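Got a structure here, written out as structure tokens. Questions coming.
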Amino acid sequence: MNIADLEKSLSSDYLKNEMVGLMARLYPICRSITGKGFRESLNIIDDYVSLSVVEVPTGTDVYDWKVPKEWNIKDAYVKNSKGKRVIDFQKSNLHVVGYSVPIHKTVSLSELKQHLITLPEHPDWIPYRTSYYKEHWGFCMSYNEMMQLEEDDYEVHIDSELKEGHLTYGECYLKGQTSKEILLSCHACHPSLCNDNVSGMVLVALLGKYLRSINNYYSIRIIIIPATIGAITWLAMNEGCVTKIKHGLVVSCVGDPGKTTYKRSRIGNAEIDRAVEHVLKHSGDEYHIMNFSPYGYDERQFCSPGFNLPVGSLQRTPYGRYPEYHTSADNCDFVRPEYLYDSFKKYLSVINVLENNRTYLNTNPKCEPQLGKRGLYDSVGGQSDKIIDQMAILWVLNYSDGTHTLLDIAEKSGMEFCLVSDAANALIKNRLIVASEETR
Amino acid sequence: MNIADLEKSLSSDYLKNEMVGLMARLYPICRSITGKGFRESLNIIDDYVSLSVVEVPTGTDVYDWKVPKEWNIKDAYVKNSKGKRVIDFQKSNLHVVGYSVPIHKTVSLSELKQHLITLPEHPDWIPYRTSYYKEHWGFCMSYNEMMQLEEDDYEVHIDSELKEGHLTYGECYLKGQTSKEILLSCHACHPSLCNDNVSGMVLVALLGKYLRSINNYYSIRIIIIPATIGAITWLAMNEGCVTKIKHGLVVSCVGDPGKTTYKRSRIGNAEIDRAVEHVLKHSGDEYHIMNFSPYGYDERQFCSPGFNLPVGSLQRTPYGRYPEYHTSADNCDFVRPEYLYDSFKKYLSVINVLENNRTYLNTNPKCEPQLGKRGLYDSVGGQSDKIIDQMAILWVLNYSDGTHTLLDIAEKSGMEFCLVSDAANALIKNRLIVASEETR
Amino acid sequence: MNIADLEKSLSSDYLKNEMVGLMARLYPICRSITGKGFRESLNIIDDYVSLSVVEVPTGTDVYDWKVPKEWNIKDAYVKNSKGKRVIDFQKSNLHVVGYSVPIHKTVSLSELKQHLITLPEHPDWIPYRTSYYKEHWGFCMSYNEMMQLEEDDYEVHIDSELKEGHLTYGECYLKGQTSKEILLSCHACHPSLCNDNVSGMVLVALLGKYLRSINNYYSIRIIIIPATIGAITWLAMNEGCVTKIKHGLVVSCVGDPGKTTYKRSRIGNAEIDRAVEHVLKHSGDEYHIMNFSPYGYDERQFCSPGFNLPVGSLQRTPYGRYPEYHTSADNCDFVRPEYLYDSFKKYLSVINVLENNRTYLNTNPKCEPQLGKRGLYDSVGGQSDKIIDQMAILWVLNYSDGTHTLLDIAEKSGMEFCLVSDAANALIKNRLIVASEETR
């Protein structure tokens, strides 16, 4: 089976249900850049795609950084003097500032407020905050609830642990015909935030599940890592192998209703950039293209100047551009299965272009070959899809000169890649073109 | 005499009359890709420009193709039971599908209709069809006449011959100072279709007639060939010489009222492409530029990847984009002498640019030379054409650095080529520039 | 002190007063391409910036030209028969055609009129004319005054001298850390024309005065020369040294109310071109960019093909595009100190960009360095200028790969150069980037 066949065989309803199911399992978990929540998430994803789990000890040097202590949390609350939990970690894991150190004491309202973070512009939402590299404790809550707190003595309790341990990441390798790789990188270090982290995990888990059965040219490597420190750690552990990465995408924010956005790799016109842009241009949907900037998610590390990998970022509304971003409103209502499914299909189409994008040589480069005697010339005409096919045949013949890939030809002709690829297949069968020396 | 002088000396009325006269002689002939009609057409053109006629035997291998059998036709008709010719080849040679095999039998209306081709969207026009590579017979007629056919027994007669013979083409070579060539290629394989084939023949015949007397740098080769198979045959016969072709144009559809269209060579920015676009930009007329596509006329063969010759296509309304295309409405009323004449002048202007487009070296490259002491500085000023001349002088001086051709300078300055070329001539006389080593 | 400090320390009121003062001293002098007026002007400028004065003898060969005779004038008038001066050089030095030969005779009105030049489209303005290379005499006057002249005998007297002497120019060299130069070239050969020549002199005099105290990387060379023949003479005298000129600007027409205009060097994308365009883009003011053309002021010589120096022209309304150009209306009312001051600041900003535009190497090119542990990561956020700083830090880190200058990074990021340069300085202090091998 190839990807085009896979695309045809997929049941959108079944797949959307799978997506919703996995999302519902992953959403409630309290993840951070280290700790049990991260491991639990990998464990769930392993039901869909087989993962190797790597544990890197606290203190390991990774380039300019060190792997931090491992953080775990059991419970946290703020109780008023009547014993009522006015802030309760059990209700939302966003209530605790990530990496808060353990605390148990009684404080006045004014002291408490020094440790409270709210979002006055969205007074019903709980913000999401962390303090990975500075020891600190704090709570996040909605502005409206904060305003209702009265003068009182408050019992503050964070039952967390910050100590030597490990940073964990998961990796899935789908072996293809060659060791050349397509990298899909997804961060999984946020607690109950659905578009920003859960949607990416769902997408890569199901891409992995379905691509497993495909006989790909490229090997596919999926990594599920904590953002920033995880990408840095992964690169430090795998520095020798990154030249195998021929194309890559950072997967995040793929389930919101916004239009699809592609942020180019630092290279800017790498094959992955051109493939994604081709797919989006022919998708019929609105989309947005951004140049690389050294701000965002883990493309920052993959595209740092010492690596400069051909890794872009295919998302919907990008990092920080939707109001729900990093708040309790980024929940399972904000992410819709139809958008997740649409993103899934676009990823598949991109991989399909990469898989089939080759350079061919016309075996009769002087003048056109006689198509009629090979049944490739539609002598009747009239059916518009047939006519397009024939145009694709002429384009592939004319530009199969060893310097144009099929994607080049698709772009030059204005045709969709699959039409050009179908024409190429017909010409290969008739020995009118042959694959040129391995150039990809 | 040079081309600029020729342009000035031409009488537009005389030339238009010549064009109309030649068009009237060529239009009625029943041409096809082989046969007597093609030879008769070459014979007429030979009155204007001396042609070598080449006969290539049926069965000759030409790349992936074989020269087909020769087709000739004397008469054809469909008679009803009362003996009336309801379709009559003598009235229009479009009535017979080109390359129809001989037939003589009586058929019912329904059987007849299986061999009739009409054009319901233009019910009074006869369509033009051929069946070169699949043995077949058929008639074309107007939809309205077809609708008047009643149930009857019809005598069908096509008095044609399809047998071993030759493919014929004509060639005219105007020797220039060098063996470098400008190729003008014109197909002449259509019967009574005026814009699509007759207009091109008229244009190249008269270009040949008038350019004969010019002392050109380039040799000019005019070929009059059947479309597709003729271009393929010509290339197969002349493969060793095509490197002499420095610039070329496929000539067709040059007499209709549409705006001038230039389809670029596959190279896209060859000198011929830039010269034509310059002429059109300064023509004051609307025009349209198209990128190369592997569909159209014989540029398909000249620009196949094994040749990739700098051959564009300078036409008016292109191939297939006017409703009269390949119908009886493409007649001598559709082609007007003013448009043919306009196309003629544009071809001349393009050849003039190519002839004069050279690279020069400023002999005083450090600072400007003193123009005043050589009478090249207009100390009075005031007359705007003089001022423009002086600007052209400054542009040519500044950019005659061995890397800019006069066409480059015209494009950079926004001036018309002839102004720049005149300035260059004044500077050559004053030894302020000299032609750089042969670079064209 | 560096240029950024200088910019902060400047008092705009003080500087505008200085500008007005110098302008008032220079405006009344009758300058020409040679002679005492030119020397007197250099003498005044020497009060602001130390000038070397060079005298080149009449007849000296300078490329295709010869240094002309020196011209001086004491007085000139036209008197009517009643002894009244109807034209009086003492009232305006524009009244005499520059380089007029001495004359003293009585002429009729009609003979006089053959030597009068007026400007009917601006009937109250006196035009400015010269006749350097053709011996001639003439007067310029307003059209309205000319119309009032009656039939009479007129005493014509021009008390001038045209004889062997010198062409004079002035030069100021501000030594920097290296012998690489920024050239500022200003013509000073016009009599009482304020925007077209006085404004440029004022600007370079004050730039020279204030830049004297700066420890620049580049040496700065200011030349004050007669237009055309002066540039040609200077280049002829200094041909061996022009390779030191890394960037240059022709300074003229810098005090009118029009928007700032930059005319690119012939190279078109030289560092000077990019630096000026960057400064204008971020100035918040309207501006206009022109490509090089071989017409205008002394960029014609610096950008002649034998030199092709990176010299642009930063002006306000360019050469010949304002009605006051080369008339008595180009006076001290037309040039305003606020525009002169604005031009001054733009020149300073351009020099600042050139001074600081270097290429750096990220010392931690693999992944991002940990900014937090160096105090470069704003963990609090909120203040928008801080956030921009941090973005600039990320941009500089990511693109300090040895192939991007800070100006490249500013352009890529859309940030103003000074933000990028500040970020680079912070990173240098932290040894996160180092200057790459000398590439400028």
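Structure notes:
For reference, chains read A, B and C in written order, and residue numbers begin at 1 within each chain.
The definition used in the following text is that a contact is a pair of C-beta atoms (placed from the backbone, for glycine too) under 8 Å apart; a residue touches a chain by one contact, two chains touch by 3 or more.
In this text, all values refer to a predicted model and were calculated from it rather than measured experimentally.
Its C-alpha atoms fitted onto chain C, chain B is found rotated by 120°, rounded in steps of 5.
The two sequence copies chain A and chain C touch through a face in which the numbers common to both fall below half of the numbers used overall. Taking the mean of the C-alpha atoms as each chain's centre, chain A and chain C sit 55 Å apart. Chain B has no residue in contact with two or more other chains. Those residues of chain C that touch chain B in the complex are listed here as 62-65, 131, 133-134, 228, 231-232, 235-236, 239, 266, 293-295, 300-301, 303-308. Here chain B touches chain C in the complex through residues 362, 364-370, 372-373, 379, 391, 394-395, 397-401, 413, going by the rule given at the top.
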